[in-house]
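So, here's a batch of structures to check.
Okay, so chain A shows up in both of these, paired with chain B first and chain C after.
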Partner chain A sequence: MTIHFDDVNEGDELPELSKGPITETQLVRYSGASGDFNPIHTVPRVAQSVGLDGIIAHGMLTMAFAGQLLTDWAGDGSVRRIKVRFSGMTSPGETVICRGKVSQKSVEDGKHIVSGRLTVKGAEDGSLKLKGDFSVMVPKR
Partner chain B sequence: MVDPAHKGTEFPEFEYKIERGKVREFLLAIGDDENKALGEHAVIPPTFPTAFIFWGALNLEDVLDSIGVKIWNVLHAEQEYEYLEPIHVGDTMIGRLRIADIYTRGAGSSLLEFVELLFEYKNQSDQSVLRERNLIIVREANGGTE
Partner chain C sequence: MTIHFDDVNEGDELPELSKGPITETQLVRYSGASGDFNPIHTVPRVAQSVGLDGIIAHGMLTMAFAGQLLTDWAGDGSVRRIKVRFSGMTSPGETVICRGKVSQKSVEDGKHIVSGRLTVKGAEDGSLKLKGDFSVMVPKR
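Here is the complex of A and B:
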């Protein structure tokens, strides 16, 4: 199930991960799980009072999906580094697609590292939610 | 405007004990497999450390308040986790937060204010396990109350 360093090549695409549709209840649930109770994610009145059309998903929820893209592919505990830049807001009802691509393989201090880039985009309109890069540590046979 | 004098401010150490049920709840919330929280050597999902901040003894809302920023006027620009060692269910995190940078980009009506937060975590064995960088944009204060 887990990938091996020898089987990974530069340019390989990670198995796509589709998440959603995101629901209002999921945002309530994620607020409780993460402890991020910023009301712009759960209380429409507050979201509107700061100029939004309605509540929006936590950026960190979409990053969590990107994290799952990596652990589904390389295994739990494999992630050494994940960095993202948030680009667009995600609203309840949306489904997002997480994608990644390998850009480099390296050996650092005897550890086998695979690095690459990833994106999370809206499934319907293709709008960019976040993009970033990652490094995972994987076993060698 | 955020006073640039807050750059370099360090906050008191805070603690977070990683409970299994909390990790399971997080996995369920993100639609991942809750069974990953089970097992003796269960590791946390990559972005779980967000709970260290919000459920730890650090109150981010108060931290931001102390530098004159209201949490509902904040947009998350960038987020980075760098794992130095695996973090397991049952570990205790000791976190430190420093305001690493405060700066503006652009000018006039398109002026944006950035605040960079740096978190460093050690575990119960005093091992450095995680570095986290969190870049936020402060929107112009335009109301917003609960």
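Here is the complex of A and C:
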């Protein structure tokens, strides 16, 4: 599936993406995939020693979920920018919900651009994990 | 450095190799490197749920240490066989000592072969982690 510039409207909401529950092993895998072996993501003993309740997900993994929200939606469109601000920690066992909303359509140098805002929140408590904005280049029919 | 067939004698001991202390993060790295994501190696909660005191090292990592014992010693020689039997678990925090001893020299199809036995034991309590045997093809001067 792909979206077309003509079919997108300001105010449109992207199809929600639910990711989770996040598992400890997923963080082990992401450590290897990303090369970020900071033990606060995998070693409870170390996480607790720095004052956390336990291990926490890599922020970049949470951002990658937001990226998947966009690529699932944009299909053949290409993500040009994702900019996020991290707001809260995510722990194994949590499920997060990624949401996005179109705020602007524009044509720049002949390219058809859709921009908007996105959030990732905890599914259970609604706590904000990150928010940010994006722009995606999409085809015109 | 490399060894030569002529210089090796039955009964020779290989230079000991000490590896450790093994860390939790090393097991996270080895999970990614090996593709073995069994959580008993990385997730204390899961390890405890199956009756272990905590996470344990991958047996193949311990065997890899034995492999390093051989390659450090053999230099330009090539390891033809390592066969091990696992005897005990290794936990993060432990250091292990790898040892080997030459038991036989032989010439097979014009190849110069050195065979022997090896062990990996806990540095602190001497507990056996694995034992096995090896053969290495080495150059003749």
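Heads up, the rule we're going with is that the second predicted complex is superposed on the first by the 139 of 141 C-alpha atoms of A that agree within 3 Å, B and C clash if a C-alpha of one lies under 4 Å from a C-alpha of the other, contacts with A are read in each partner's own complex, and residues count from 1 in each chain.
To be clear about the criterion, a contact is a pair of C-beta atoms (placed from the backbone, for glycine too) under 8 Å apart; a residue touches a chain by one contact, two chains touch by 3 or more.
Everything quoted here is computed from the prediction, not taken from an experiment.
Once the two complexes are laid over each other on the shared chain, residue contacts for A:G51 go to chain B alone; chain C is not touched. Judged by the touch definition given at the top, the superposed model places A:I113 against neither chain B nor chain C. Legend: residue contacts after superposition of the two complexes on their common chain; A:L61 is shown touching chain B, with no touch to chain C.
Shared-chain residue A:D36: touches chain B; no touch with chain C.
In the superposition on chain A, A:I3 contacts neither chain B nor chain C. When the two complexes are overlaid on their common chain A, residue A:E24 makes contact with chain C while staying clear of chain B. Counting residues of chain A touched by each partner, chain B versus chain C, the larger count belongs to B.
The contact surfaces that chain B and chain C form on chain A in the two complexes overlap at residues 29, 32-33, 37, 39, 43, 46.
Those residues of chain A whose C-beta lies close enough to touch chain B in the complex are 19, 26, 29-30, 32-40, 43, 46, 49-51, 59-61, 63-65, 67-68, 70-71, 76-77, 79-86. By the touch rule above, chain B contacts chain A in their complex via residues 22, 25-26, 28-32, 36, 42-43, 45-47, 50-51, 53-55, 71-83, 86, 133, 139, 142-146. Residues 24-25, 28-29, 31-33, 37, 39, 42-46 of chain C are the ones that touch chain A when the two sit in their complex.
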